[in-house]
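So that you can tell them apart, the chains are marked A, B, C, D, E and F in the order they are listed, and the count of residues begins at 1 in each.
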Amino acid sequence: MLGFDTPPAIDSGSTAWMLASAAMVLLMVPGLAMFYAGMVRRKNIIGTMMYSFGAMAVIGVQWVVIGYCLAFGTDRGGLIGWDTSLLGLASIKPTDLYADKLIPQLAFVMFQGKFAIITPALISGAVAERMKFSTFIVFSLLWSTLIYCPLAHWVWAPGGWLFERGVLDFAGGTVVHIASGFSALVLALLVGRRQDFERGGAVAPHNLPMTLTGAGLLWFGWFGFNAGSAVAVEHPVAGAIAGLAFATTQTAAAAAGLSWMLIEWWHHGKPTSLGLASGIVAGLVAITPAAGHVMPWAALVIGMLASYACYAAVQLKGRLGYDDSLDAFGVHGVGGLLGAIATGFLCFTPVAGALTGGNWGQVGKQLLGAGATIAFTVTGTLVLGLLLRASMGLRVDADQERDGLDLALHGERGYHSELI
Amino acid sequence: MKLIIAVIRPERLEAVQHELVTVLDEGDSYRLTVRPVEGHGRQQGEVEYVRGQRVQSRMVSRVEITVGVNDQYVEPAIDAIIRGARSGANGQVGDGKIFVVPLDDCIRIRTGERGGQAI
Amino acid sequence: MLGFDTPPAIDSGSTAWMLASAAMVLLMVPGLAMFYAGMVRRKNIIGTMMYSFGAMAVIGVQWVVIGYCLAFGTDRGGLIGWDTSLLGLASIKPTDLYADKLIPQLAFVMFQGKFAIITPALISGAVAERMKFSTFIVFSLLWSTLIYCPLAHWVWAPGGWLFERGVLDFAGGTVVHIASGFSALVLALLVGRRQDFERGGAVAPHNLPMTLTGAGLLWFGWFGFNAGSAVAVEHPVAGAIAGLAFATTQTAAAAAGLSWMLIEWWHHGKPTSLGLASGIVAGLVAITPAAGHVMPWAALVIGMLASYACYAAVQLKGRLGYDDSLDAFGVHGVGGLLGAIATGFLCFTPVAGALTGGNWGQVGKQLLGAGATIAFTVTGTLVLGLLLRASMGLRVDADQERDGLDLALHGERGYHSELI
Amino acid sequence: MLGFDTPPAIDSGSTAWMLASAAMVLLMVPGLAMFYAGMVRRKNIIGTMMYSFGAMAVIGVQWVVIGYCLAFGTDRGGLIGWDTSLLGLASIKPTDLYADKLIPQLAFVMFQGKFAIITPALISGAVAERMKFSTFIVFSLLWSTLIYCPLAHWVWAPGGWLFERGVLDFAGGTVVHIASGFSALVLALLVGRRQDFERGGAVAPHNLPMTLTGAGLLWFGWFGFNAGSAVAVEHPVAGAIAGLAFATTQTAAAAAGLSWMLIEWWHHGKPTSLGLASGIVAGLVAITPAAGHVMPWAALVIGMLASYACYAAVQLKGRLGYDDSLDAFGVHGVGGLLGAIATGFLCFTPVAGALTGGNWGQVGKQLLGAGATIAFTVTGTLVLGLLLRASMGLRVDADQERDGLDLALHGERGYHSELI
Amino acid sequence: MKLIIAVIRPERLEAVQHELVTVLDEGDSYRLTVRPVEGHGRQQGEVEYVRGQRVQSRMVSRVEITVGVNDQYVEPAIDAIIRGARSGANGQVGDGKIFVVPLDDCIRIRTGERGGQAI
Amino acid sequence: MKLIIAVIRPERLEAVQHELVTVLDEGDSYRLTVRPVEGHGRQQGEVEYVRGQRVQSRMVSRVEITVGVNDQYVEPAIDAIIRGARSGANGQVGDGKIFVVPLDDCIRIRTGERGGQAI
């Protein structure tokens, strides 16, 4: 086979880490599917996994066709990106480098693509066990194109208006978690409660080991998610900031898992595995915007706080009476918001924060970023949701919900015994 | 004493239990045993697809409940089960059956009591 | 501990990617085991997983002892490799580099070894639920030594006759997928149909979440499988082509998953999770030979086509009445063939293809490669299969099949309830 | 976002591999949880997984707060490390390099932290299905701080007394496996046998596919565990020794899996999946101390021996009548010991061994290392265990054991059917 | 009316259903309830191995079917079950048992019909 | 002949089988059928927690065993079951029940034998 000379420019170490990270982030999608699916009833396990796997297929295509172009194309007024030549990635040669980094642009495209995939998948947690699969697929496609891509541009693309204002979001605290969390809340309200939730009564998870395994895969993949995001700030990509982000990610996850466990011990005397897993995820969510900006000790703090905040939010759900099936809002919305603001207080690089350098301005910027994101995603999701409810309908009908999405929508059962 | 065996839709179990509480006057500690079963009746089984191939399962999942009752409770219990298990005003195919089996004796393991008061 | 000076020659970035890729490919084996095992009946889950895990053990040893020597030893007449000194990898020093690449040769040996492991494991899908474990183990050993190793040499080793003729197979479309797919078909015919298949009736998968999880691990590992294969064509190894291969792999998988889903929606109205998972795998298979040779847009095309082709092939099975239990032929044989030929049409590097440069010659070469592979593997597997049927016997006896392979062959049950 | 200039010093390839390895080692924890949990009864699956996940949270925090400081702080008399400034990693700047390696120190801290996490998790296998969760958490915390950290310092930190004597332990044969294995034995004896073990009778694993999947994840992660440990001996980190360690790891695992399978075939005619999985783990354990010191052919030998030794040890358990639930001692203690000694015979770099260079001195050093480790960990665990038994109590009460740890301690059930 | 309870080998279920269709003359919508059970009988349980240790499970998996029939159908149903469940010409240990229990009453939930025509 | 149906605690199954062996004098091949069930009785169900929310399941897991015996064995069998199933000297709530149902006939599928000697 003919040899192929990679431009000496390319740094193999940075590329290796970018590719590894992108692969790890992809693994988060099955991980999320398991995390969620273990928490629902048997009759809905396939339906729940399909929300995530469906997004993997649909957004996987959308990103290549138009998504990347909208998010990272040439800036248009700080609001959106666009380059006709980027449609279908047509104009990207394998040897093209990404910005001033020494990695192939395609590697960066793929890394970012995984973020676009997992975000709508996260939303599905709020509407599991009752939302129509067909509608969810259309929703993801539109939401990703009309809401996620612009938002990613605002925050991460040079020229994006939030980016230019110095809002810090290292790996997606606002773009991924606040966006998905708040959209999830809106969608949950539009879809309405599950029948059994009406009858009051938490739905016991049907397969906790699966949820734990999913949490494990998420933790693993999150290292790519956060440490890989160093691509935005340093060259070579696998350097000091990548190491820092890795350390803070690990630390926050452990701290949050531990504190959620302790909270439950204190609250009702039983440290549950679902609690530990939830804490881990809460910590990972909260550290996401801060990963490359804070020191490990700050990650301990953020992790601890994340579990308190999210645990409280989840308890609130019962009170307020909305049905966020798997706490997509409680964990991602609340955790993401906490992390985004905490970043303003605790960051030390590239700028100092309020507590680390008396720079209260950064807190303001973080609030601006979070506020803008919430406003935009809530409105956007509301409009989108109402349109879809009017057109396709958001919810399966009562019998289908009663008999389970698996048989009704997918013509499958998760498990078969010998008899049936 | 009779042993009432009823095969019902899984999703009706909750309703049936509700109805039974009212008639078995043991407050919330009414006695009941439940087991999952696969039924075959007039109703057709679920349809599944495996890589494009249609699979019509012969069976449908049902729940079987057994209640041991003293004679004076038989009729009320049967009515209660019907009330709880029937889907819609005049039922649907697949709502299930109730079988009444004679019971020669009944023993409470804890105390060794027998017959009526043990049930 | 004494320091150890790695020859400055070695490029750490390339090595990092090669090692990461090799590890990811190994993870595909458990992934495959889960993907397959979820599709069989409860009573055969262990037996099905053991085919893959068994191959992992047996070929893992065989590759070190003699496999690598046969596949990548000094070329002998374009047909096979051999260096007595390579037996047991005896002569390879840790500091030896692979060819002109700046990575330790041992890293390359391991990377290639994973391919040798997974190929026979793929075959097991066609004979699951009835083939004798002992026979399968012996079969893998012989098949890998007598068929896989020579074939790998033909296509991938400098001097190999197909290699010299410029046949393109980036990561194993012919060597791995066509080879395993067509061998699977032959073996399925030799072993005969399952009793219940006789009675007509698809066997409902007993654990779909497991199959989906397996598909997720396969997708993840496939990035190492394809992007790691850049080792053959570029230095440093983690460079432009690796980035390209990663992008096309991701794109084809998503496109194929999506189209399989749409096909089912149109065909019988229910998008199944098994379908989505099958589409993903079909797309990954089809892009394998093309990964580093085509542009992302071409990967969209190949992915789409893959699902159509494989879905059709699977439907055909019913008609033709052979029992390829888990569609090893339908997905890997057909998908691999499609990809190998499509490469001739759509490749743009290192040479242009028919559609991308009017170079019809490449299509011819691809057909030659595919044809030679099919002819060789079909004959080889036929002979091997007949010999084994005559000697050890290919199939368990009726009672064992009825009661399940797990208890009969492995003395285990996949799951235990509290009672038993 | 402001750019951040990583000191040119940092080698991105080495860093990429270190980060990837660290992530892979973390994945071993869920892998271990699955490996173990599949082997217990349904009623204890959550409890069993929680031992590992709990350690992930607790030690994850402990390592950052004080663990790293004790293990790798400035040497104090060869017995322990300490730097007040390392508490909470306070003094480590993202740009600090680790020793003379060109990687961020934080990356090294994280990599080592994963070892600290998995070691107590390994111990849990011996006391599964009966040890109190609360006590286990406290035990892990104390054990890790008082036993693991000093031991790691002795063997791996420059200045450590075993390190200085030239004891070889490439990736933790003594520090991780002998330490956890022998501590596990002591703890199992202190906790006493399970009720059902009393009644005699092996407990049939309730979910073997889960155990197999766990074994797969362990195999995958182990590449990071062993090949990543090249960080101790070479620069760049992803170089010749990393390649060697990867190759020996793969080879030993395959060889051990194969031989365990053959042993069972010969012993009772049924090659079980649990056996194959156990063999794989045994091989991985045994090669750990030798990975970067021996040639691949030697790994074949070590792998084979490992399965014989561990299989024998496991059979012995029945005779001696102690209840090491999941054979933490039989596999990790025995396998680790075998590997540590075998290293002395077969190593060829950085020094020659007894068989490879007539250097019997190395065997002596290995025996010293193993002996010291056993003496220290056995005494330490004994004291710790007795104190905890007197204070918190080691064991749940009879009813809780009867009804299962999941409901009793965690207020959860692993699985829920539709009915309950 | 009688309630026929039969414990059979799982793999014979299909055959038994086949035979029952022929005698219960309800076409394909013959009524039947099935549940998995663990049986202990003359036949020994399966042998398993756990890390070299032999584990002889005391139990074997069986399937229990119940059919409620009117008296004239009892004998035909029993014969049908025997035909379907017996392995080989003269059976093997473990083929199972059939129990016939008297049925006092039977109610179709959907309609509330009782007795003979409800079955 | 009677069909004895007992609902017991899962963890007592072993003990019950032990006791039954002694009285059913068929050596180790005593006959028995077991199935898992969910029970509702005076005893409350387990308490679970889902993200801080308390979930009191209405059901407890139980095991149901059925033994077909000839009349002279009924009493011994009942006593045996009680001995095995009762937790502690004077039992605990939740120990379960025993139901005795008349058996009109019993057939051994393997041989076709009927009645007493078939059981």
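We adopt the following convention: contacts are C-beta pairs under 8 Å (C-beta built on N, C-alpha and C of every residue); 3 or more make two chains touch, one makes a residue touch a chain.
This one's a predicted model, so the numbers in the text were calculated from it and none came from an experiment.
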Same-site or different-site touching of chain B by its copy chain F, using the half cut: different
D-E compared against D-F, more contacting pairs: D-E
Euclidean distance of C-alpha centroids - chain A vs chain C, Å: 32
Computed distance of Cα centres, chain C from chain B, in Å: 51
Separation of mean Cα positions, chain F and chain E [Å, integer]: 19
Where chain B touches two or more other chains at once, by residue number: 34-36, 38, 48-49, 57, 59, 61, 101-102
Contacts with two or more other chains, residues of chain A listed in rising order: 11-14, 16-17, 20, 24, 204-205, 207, 213, 268, 270, 272, 274, 411-413, 417-419
Interfacial residue positions of chain C with respect to chain D in the complex: 1-7, 10-17, 19-20, 22-24, 26-27, 29-31, 33-34, 37, 45-46, 49-50, 53-54, 56-61, 64-65, 88-90, 92, 94-95, 103-107, 109-110, 113, 133, 207, 210, 213, 409-418
Residues of chain C defined as touching chain E within the complex: 199, 402-403, 407, 411-413, 419-420
Footprint of chain E on chain B - complex, ascending: 2, 5-8, 35-43, 58-59, 62, 64, 78, 81-82, 85-86, 90-102
For the chain B and chain F complex, residues of the former touching the latter: 3, 17, 26, 29-35, 68, 101-112, 118-119
Sites on chain E touched by chain D in the complex: 48-55, 57
